[in-house]
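The structures come next, written out as structure tokens.
Common to both upcoming complexes is chain A, partnered first by chain B, then by chain C.
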Partner chain A sequence: MSNIAGKAYAMNVITPIKSYWAWINKLIFWAAIKFPGALTGLITLSLIHYARWVILKDSEFPHLAKEQPKEKLHYTYMLFFSNFNGSWDQYVDSFTFAIPGGLDLFWKWNIRYPKSVTLTPFHKYIRYNQIETIHYYSAYPLAAANDVKAAKQVKTALTQFHQDSQTLSDDEFMAGYKTLLRGLQHDLGDMYPTPIVTMAAYEVQERKYKHEREQAALAGGENG
Partner chain B sequence: MTQKLELTDIQGNVLRAYGRFGYPVARYVFFNIRDDRKGRAFVDAISKRVTTAVEWGDGPGQIKQPDWTLNIAFAYQALKELGVPRSSLIGFSPEFISGMKDRRDILGDDGPSSPEHWDPIWCSNRVERDKDIHIFISLNARLPQFLLEAYQWLLGEVDKTGGGVVQLDGHRGDNGEILPYQDSHIVMENGQPTAKEHFGYTDGISDPVFEGVPYDEARLPGRGKQMPNGKWAPLATGEFILGHVDEAHEYPPAPEPVLLSRNGTYMIYRKLHENVGTFEAYLEEHGSKFPGGKELLAAKFVGRWRDNGAPLVSAPDTAAKAKFDADFAAADAKTKDKMLSDFTYDNDMSGGKCPFSAHIRRINPRASLEMVRGDKPGAMKISTDAFDTPGALTNRRRLLRRGLPYGEVKDRTRDDGNHGIVIMMLNADINRQFEFVQQQWVNYGNDFIAANDKEIILGNHSVDDKLPSKAVLQVEPDSNEAPYILPKIPRFVETRGGEYFFVPSMTALRMIAKGVVDPT
Partner chain C sequence: MAKRNPNISGNAYALTILAPIKNGYTEEQIAYADIVRCRLQDWNNQDYSPMTQVPQTYLCRYYVLDDVYTESLPGADPRSRWLDLLTALPFGGIGNKLRVGMLPKEDHLQSRYLVFSCNFHGGPEGDLDGYLRGMWQAISGQIKDIWGFCYGFEEVDNADKFIAYMKKCQLPAALFFVGSNDDPLPEQLKALYLKQEFANFAVANQGLDAAALRANFKAFIERVQPNDVNGPTWPAGKYTV
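Entry: the complex of A and B
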């Protein structure tokens, strides 16, 4: 179990909401998609890969087999699902510092939502309703959301420059090359491993690596 | 200011950077408690000479400015030794309880900065019980002879404990000798006192201003929090002092009872060695290639010009610097201070003036993190009204900075002299403030859209050639220039020791000394 993969953290939060309020939330989500200006704050927080809010009716929870006991649910639920870079604290804090009004708008009608300011009750609300991630995989563990965007910029601009520069004189090439670099001056950061998110997560990771090395050595021994 | 703080309850070093108040020399002394009763008696005796944050004056009924000051702080083990109950101890922050050495992987204290290279006093801390660092005492003085007077007084008090409190040895001195104290002092240049550190930069300009400090009111512009109307407001007191409301409108987590934590704070002590020879060589090498020349390049590392601290956003090139200098020379002291501190990054969102990896932009980004991609390639712009307040991502990451340079540079081509900075940072939450800035902004760059690129001066640049460190010095997006890329940045600054401390209020200090802390 880990909520962390590479530079990303996965957060799932399921909070109960009375079904008649859920309709209002759906309306707010619809408006937010229709008028994306409302999401400027969210988009400006560059640590976010992805964030999604979904309303789940009590009948919409997965029932995978006959043997699975049927649960009796009293509420409709709001599922919040997000992938972001950095630590839980960093993410939740950025949200509450930067867009407290937006958070309150989305969660306002949820049962016992304490409002995003003050911080500690909000932290407790999220922690209490968070579902831990059972399996989480990252194909590019060195890449943060910004790095993915930057890499795409570099690839596009470089391919374009390659095409455009075939017939240039030396001076023109130099001017074009400078323009290329200038245009990419916020896309050239080096990608190295993630900073340690917490000491606890770091220690878990270290134990896992050690275990894997031991297993590999053991397997090698058997084959040999 | 709506509320004045209880200045006689708060220790003086919390609200004053003594260097700026006419105390150019300091000595830091560390102690181990061997007997709890004698330890408390020692703390009691010391508490009577502790300098508070009270306002000074020469008038009748006023408290005169002292010739020397004394302040005290405790590491976690000290509180245990002195009999603070478990029910209070569990309320201290986990980072404070763990200690700095235990947090090295978060702080990036690796390679030459890793604890096995620290001064001996820090190496044995939390390894051998009798060498654990318990008590920190700082002495600051107006003249060297007053410092000696203060130190003699302190030694007398230690003597009286009859071995119950032991002064710890193990600070490296000027000639490699091992000393029982750490000295620090301002750097002199041509016989004149300066506010510079050993690389030649003016230090400590942008110390935060927060609610309730009477002698900081005039210093607000550029040092508080940036407001939507372009003005500055003092930060919430609870960002720096426990028991007061913080920027999240609540009291920061703190131990009980309230009397133990209120008006106290956490202090981060770090001894940072400066590799002057490496710095000079690197600056020379790239200064000869950098389009604006060596001094502009030096300014790009930090975001300020070395000679007078002029911020790059106000003086981005040689011509603008000449104009700044003329105005600066003609200005009175108050205007001078404002010229150095009162600026924003609003007119430099792309970093063409002050690079994204420059020291001051990383340590205190002001409102510049409220940014999105600009319209031109290579440009960034303000994301207007995106956040609740422009400094939303900065206001909870500020640090009070205290401390002075130590040692002397005798040979600017060498790294191995005794020269650096003893920095003491104060904040209400070590994890949210100091450790965050150190890890995310100094040793990493994602918030600055710079991937793993580090802050140029303080970053723990890799000594491994396979993972070289670089920085991009941005240019104006509408210019014809290319950004200058600093390759293979060497490590300019190395950690030589440090620990987390709790700076109690006067009330808490007396309670600890009397052994009467009780959260029941």
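Entry: the complex of A and C
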């Protein structure tokens, strides 16, 4: 089991909702797509790589063979998948403290949803309905969502400076270089693993050591 | 006007797969779903996830959905909050019977499902076929290993059949939120490599005169080749540059 891949945490939550309320939820999601301003809170939180909601009733569960029994359920179900940075508590609490209204809007029609305030019932609700990930993969395990966005800024500014600096004098180059660093001061920064907050993070650390040893062996081979 | 694909946001694609696992057991009486779980668990012990080989995969996860949950704790709705007070009614267990009768209903799934949730770069048109073809070409052995116990997978022995099978198992997103950027993965990895290397360069080259700094910067650019995504980069899934 591993909900963690480097700096990313995979959360899976499945919650029941009555079919007639599911339509309201779909309508709210549709409105959020049409009016992206509704998602400003999520963007501001800045700790999510990707998140999605899926709503399905029993007849919509994939049915692949005659011998597969068909699902017969009282409720429709809402599946939530999130890829975020930080620990479980940091993530859940950041919603509660930053955008409780938005969170409640997305879940309020779900059966026995306790609301995001107060914290303890909300924690219990998420824990109870959460499913553990067995295998989680991130293409950039040391990067937070902000690192991915910052890296694009660095690449753009660096290539532009390299191109513009070809004809400059040394002094002009120095001035331009300082301007480049000042402009990128929020985007630079070495990427390191997060502190160990769970045993899964320990496994991440172990894998990092393996990769470092492999890298060192490779470098040794090249030098030798 | 073409209908909007709910799985696409910008150039990112949200793929959600629920593949029903056969309700069977091995000769050793191990449920097929548990075999799937064990095989996925084994991926965690490898130095690199097999998914590193699948082009354009940003993040993905696998889990087994055994069943759905029954809600019994009180929610924020007044009905569920006051329900517990029914136990205070006189005449023995009548109040409690009423309370239990009003609890949410219990649901159970008929099959267990292998859930594969993936975020990948699909471009503005969401090239799902291209992604799945790349997945099959890269890790068809592992795919057969994991999906082999699922209903309807028996016939899958090439990329086209895999694509058709996965589309039958696909669920549309009701809402897909992208908080990262949606560039092609090699672009993202190259940018992360540059960010890491340039941060180290800036630290290591403080206090130099202009000529020395310029010479070092020139050597740095020649080494990192910023415009070549196929040149030095941060390999997918790796914990060091």
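Everything that follows uses one rule, which is that the second predicted complex is superposed on the first by the 187 of 224 C-alpha atoms of A that agree within 3 Å, B and C clash if a C-alpha of one lies under 4 Å from a C-alpha of the other, contacts with A are read in each partner's own complex, and residues count from 1 in each chain.
Rule of thumb we're sticking to: a contact is a pair of C-beta atoms (placed from the backbone, for glycine too) under 8 Å apart; a residue touches a chain by one contact, two chains touch by 3 or more.
Small disclaimer: the values here were computed from a predicted structure and weren't measured.
Student: So, does A:I43 touch the first partner chain B, the second partner chain C, both, or neither?
Tutor: In the superposition, A:I43 contacts both chain B and chain C.
Student: Would you check which partner chain A:R52 touches, where first means chain B only, second means chain C only, and both and neither mean what they say?
Tutor: In the superposition, A:R52 touches chain C alone.
Student: Please work out whether A:T96 is in contact with chain B alone, chain C alone, both, or neither, and reply first, second, both or neither.
Tutor: first
Student: Which partner, chain B or chain C, touches the larger number of chain A residues?
Tutor: Looking at chain A, the partner in contact with more of its residues is C.
Student: Pick one for A:F173: touches chain B only (first), chain C only (second), both, or neither.
Tutor: Second partner only.
Student: Regarding the shared-chain residue A:A150, is it in contact with chain B (first), chain C (second), both, or neither?
Tutor: The answer is both, since A:A150 touches chain B and chain C.
Student: After superposition on the shared chain, which partner residues are touched by A:D190: those of chain B (first), chain C (second), both, or neither?
Tutor: After superposing on A, A:D190 lies in contact with both chain B and chain C.
Student: Intersection of chain A residues contacting chain B with those contacting chain C?
Tutor: Residues 43, 46-47, 147, 150, 177, 181, 184, 188-191 of chain A touch both chain B and chain C.
Student: Touching residues of chain A toward chain C in the complex: what are they?
Tutor: 1-2, 5-6, 8, 10, 12, 14-16, 25-26, 29, 32-33, 39, 42-43, 45-56, 60-65, 67-75, 77-79, 81, 83, 108, 111-115, 121, 124-125, 128-129, 131-143, 145, 147-152, 154-155, 158-159, 162, 170-171, 173-174, 177, 181, 184, 187-191, 193, 203-204, 207-208, 210-212, 214-215
Student: Which chain A residues qualify as touching chain B in the complex?
Tutor: So the residues of chain A touching chain B come out as 7, 40-41, 43-44, 46-47, 85-86, 89-90, 93-94, 96-101, 117-120, 144, 146-147, 150, 157, 175, 177-179, 181-186, 188-192, 195-196, 199, 202.
Student: Which chain C residues qualify as touching chain A in the complex?
Tutor: 4, 6, 12, 14, 16, 18-20, 22-23, 37, 40-41, 43-44, 47, 49, 51-52, 57-65, 68-69, 71-77, 80, 104-105, 107, 109-111, 113, 115, 117, 119, 150-153, 165, 168-181, 183, 185, 188-192, 194-196, 198-200, 202, 210-211, 213-214, 217, 221, 226-227, 234, 236-240
Student: In the complex of these two chains, what residues of chain B are touching chain A?
Tutor: 98, 102-103, 105-106, 108, 247-250, 253, 350-351, 356, 370-373, 376-378, 380, 383, 385-389, 392-393, 395-396, 431-432, 436, 439-440, 443-447, 449-453, 467-470, 472, 474-475, 477, 479-483, 485
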